[in-house]
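The following block contains the structure, expressed as structure tokens.
Labels run A, B, C and D following the written order; every chain starts at residue 1.
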Amino acid sequence: MTIAVVVFPGTNCEHDARYALALLGSHAELVWHRDDDLSGATGVVLPGGFAHGDYLRTGAIARFSPVMAEVERLARQGTPTLGICNGFQILCEAGLLPGALVANRDLRFICRTVTVRVESTDSILTSHTSVGDLLQIPLNSYEGNYVLPAAIDGAPSPNVVLRYCDSSGASGKQMNPNGSTDSIAAVADANGTIVGVMPHPERAVEDILGSTDGRVLLESFVSATASVVA
Amino acid sequence: MTIQDKPDHQRLGMTDDEYDAVIDLLGRTPRTAELAMYSVMWSEHCSYKSSRVHLGKFRSDQPWVVVGPGENAGVVDLGDGWLAALRIESHNHPSFVEPHEGAATGVGGILRDIFTMGARPIALWDPLRFGPLDDPHNRYLLDGVVSGIAGYGNAVGVPTLGGEVEFADRFSRNPLVNVMALGLMKREQLVLSAASGVGNIAVLLGNATGRDGIGGASILASASFEAGDEEKRPNVQVGDPFEEKKLIEACLELYDRGLVVAIQDLGAAGISCATSETAGNGGMGMDVDIDAVHVREPGMTPGEILMSESQERMLAIVTPEHVEDVLAIAARWEIDASQIGTITDGPDLRVFAEGRLVAEVPAASLADDAPRYDRPYERPCYLNALWDSEPAIPDEIDVAKTLNLLLDDPAIGDRSWISSQYDHTLFLNTVIEPGHDGSLLRIKGTHKGMAVSTDGDSLRTYLDPRRGAARIVFESALNVAVTGAQPYALVDNLNFGNPENPEVMWQFVEATDGLAWACEELNVPVVGGNVSFYNQTDGVDIYPAPVVGMLGFCDPMPDRPPRLDRAEQGMGIWLIGQEASDDFSGSAYDRIINGTLRGRPLDVDGATARELIASVVEMAFDVPVLHDVSVGGLAVALAEIAFVSGTGFRVDDVSGRELFDETPLRVVAITHERDLETSVPRRRIGTMGGDQLGFGAAGSMDLSAARRIWADALPRRMR
Amino acid sequence: MKHTFSVTIERRSGLSDPEGATASRALTDLGFAGVHSVSFGKVISIELEADTAQEAATQVEAMCRKLLANPVIENYTIENVS
Amino acid sequence: MKHTFSVTIERRSGLSDPEGATASRALTDLGFAGVHSVSFGKVISIELEADTAQEAATQVEAMCRKLLANPVIENYTIENVS
């Protein structure tokens, strides 16, 4: 197998993720959430959507899907694991990333292209970028507001990968679309191999769609998977 | 006489004549469940009894039409085996009762119409009409409707690519919520609703059946209707986008694997409608076992189960040897399924509960034998007074002051407060997103593109239903043409007041004449539509509000289609098409500045329209910006380009009157070229650049200040 | 004087409750075999200033009617928890 | 035996509560001048089969820990309302 794109009931960005990866010359396979064998996967993508209808809490039910035990096993052994939007929410619920995602500050769904700034290149999503790079990526979420209780207490500060900012690179309350803690748009685990990102890099891969800034992010991910010996 | 004393059929909204027709047809008095079925299937909503005699004027015999009106959605041929399915539907009343759930279930319903045909739903549009936003209840309705569409559309995973919105007092007690959907498929995936094959099995897929939306039937079902009972019988339907998403995937897989003979979604009148339509359309009968239906709550009567409008359900007709596969696919997608019926050689639909026959009616009669009314119509007397006066327009208009007021209008100001709540980038097809004219989608793996614009104009249609309706067709055609797409097919949603009022019926007849005429002029087939009558509250009818959804098609699609944000410093501004000719009736100027509504809007010449549209489609392949002049006239069209591109402009020799005039068939083009290669009339009126909206002698405005007003028009009211 | 009220809002019975049904299935999948049904509601806690408890209650009642609950699909109950 | 439990889930204090903040603003706008604060929680009502109330409570506790609440941001309380 190559890259596994996990499909939960309610997932809706799986074809987009696979399409974008294919544009970059990479092959991905869709994996149903009841499958419990991901051996051979060189990378895992949890794509966006509304797994299990987002009922109860976004990501809450999905994390118990049979496939998640495998996702967790691979992630913990360092296989590049990328959660986009709903996938980010699922990784947090599963405890693979710190924090949680709650409703946007204004309690409205947000669909617009935002600017994000690269904060760290030490991740499978940003290894091909430079710190300070500004990227235009579509944001599409209702629960994109990242909270990180200081009270999970004594936890090391997270490995922030991307922050929301304005076109000059400045962050702050005004430029924060959804109320996310410290304007965080993407975080990684300590190793940088598990990443959750709220905006959708796979929606910014062709000129005709308005931006190609997502390519460098997905290229980073693809090249990380290339070095995995599955 | 109280409602309890009335005979059953009257309580269900049936006239005595209609009841007699049922008796004639059956040769006996109907059983309880049968009466419930006829009452719903013969209702205005299901049978189109007041409109059908007029809908024949729409043409759909163009060679690219694969499926015309009558099926769940219209289907057109895009070449190379690709088909597009389109459909529009209203959810006006439910959205007034409960805006969030009403609008949400409207989205769910229209999507089912699309995937019933075999197509994957790929986009939605939402034409909306509300009362003025200074009334908090209207704000509540707008907020709820938008959150309902967002909540359902985003979660089910179908992007909403645009829509439109109008505000007028007549919609305060009767908002209009229309939804249009577009689907895409390969030819071999097309499925229709006509059942065939004696012994084939009807499989009910999806949600469990509950007491949702049971109106008439529940009154009948309980011999005594006591206060407090309504608790048990909610009329409000609750949508479940998660179930629908699974249902979409399951059905598409069924089609892919060729496992269904026919399929039908469950809408109004639920199981009774879906079973009778599939059987009736195929000239067959069906035996239905009510006890096999998977239900949500115990104790439902057969009548309730038959009539329930629980959402997210489909009825598939399957050959016996494929039943196991169908059930397996349902199980894999985690949806429930039950075998509820068997196709017979007919002609009757027979319904059994606990082994007892509870209904036995000719299947086709529910749809085909519905009454038809050629209702009297009469030109309204209000028209004379309206036509005898003209909007008062001064010779000198203070452009800055006027434009500021127009930009602050919530129907002119930036509508991204609405569209940004909708996912409009899913599926990686969106080339032109909401905020321009038509939205444009590519078809991946081809050079083809599809553009869609939804348009209505209730004020002009009120002033002159024929012209008003025709003009929205031409406007929608221009909206798709500016993206490079040829007007290709149309669906219409006819929202009107009470058809028993001859003046409303006259509006309807005139408006449908206007629509049919305009479509013929453009050679655009009408492939489907929806009629919503009785939009009337306390005796006040809404403004007549026909709405169209125009599909445009291009092959190839322009490499870089025109966009408002491609305007740059130094580009020339051109006005293409007709010259302004003082068309202020129904204009934004008259509505907002004068606060009046009068006069008679201009007519459109078909040949002029055809010529303009053809040249605009051609220009779209090299002109960076094309934007039609519509609400608010040239001034608003130019301002929108400036706001979206961030570049100011200066136009010369355009008078205040010309700036706000709303003469149709005009387009702004912006380009670096020294001339425009086109045969239609054109005139260079100015140049892009600077940080002002410059109107020459007529004055100027600061770009960023004007932009703030425009951007905040809707949000400031909704805060 | 400060008062604290707790308002519980529940979906009217008979309306379909996709969230409850989904959670119930998830719990069963997780091995909680005995689950019959799960239903979701909201609880809103409101702190407000009013001269008397009676007046505060009247206000909370009005808040529910006007904003907090949707009478078409929801029922509410109010409790003084000061 | 059937038991009914009511689980109340509240956002941990100190964390932002956009729903509460929005409702509080809306109530003030509507003229309820005395509103100090509003906070939102969920109440989940669970019907389940278990031999004893004790066993049922243990199960509900496990449901909360595993699925119903997210300890990173939420607290829960359980009540037997059979």
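Points to keep in mind about this one:
Just so we're on the same page, a contact is a pair of C-beta atoms (placed from the backbone, for glycine too) under 8 Å apart; a residue touches a chain by one contact, two chains touch by 3 or more.
Treat the numbers as computed from the prediction; the structure is a model and nothing was measured.
Path length between chain B and chain C in the touching-chain graph (shortest route): 1.
Taking the mean of the C-alpha atoms as each chain's centre, chain A and chain D sit 29 Å apart. Rounded to whole angstrom, the centroid-to-centroid distance between chain A and chain B, based on C-alpha atoms, equals 35 Å. Computed centre separation for the pair chain C/chain D is 10 angstrom, with centres defined by C-alpha atoms. Remark: chain A and chain C have CA centroids separated by 34 Å (rounded to whole angstrom). Chain contacts: chain D has residues 66-68 touching two or more partner chains.
Contact with two or more other chains is made by residues 240, 242-243 of chain B.
Contacts with at least two other chains are made by residues 52-53, 55-56, 61, 64 of chain A.
Listed by label, the pairs of touching chains are A-B, A-C, A-D, B-C, C-D.
The touching residues of chain D, when paired with chain A in their complex, are 12, 14-16, 18-19, 22, 66-68, 70, 72-73.
Chain B meets chain A in the complex at residues 147, 150-151, 154-157, 240-243, 245-246, 332-334, 416, 419-428, 430-431, 433, 442, 444. Looking at the complex, you find that chain A touches chain B at residues 9-10, 12-13, 15-16, 19-20, 32, 49-50, 52-55, 108-112, 138, 140, 142, 200, 202-203, 205-206, 208-210.
Residue ranges of chain A in contact with chain C, taken from their complex: 52-53, 55-56, 61, 64.
Within the complex, the chain B residues that touch chain C are 97-98, 101, 207, 210-212, 231-234, 236-238, 240, 242-243, 296-297, 310-311.
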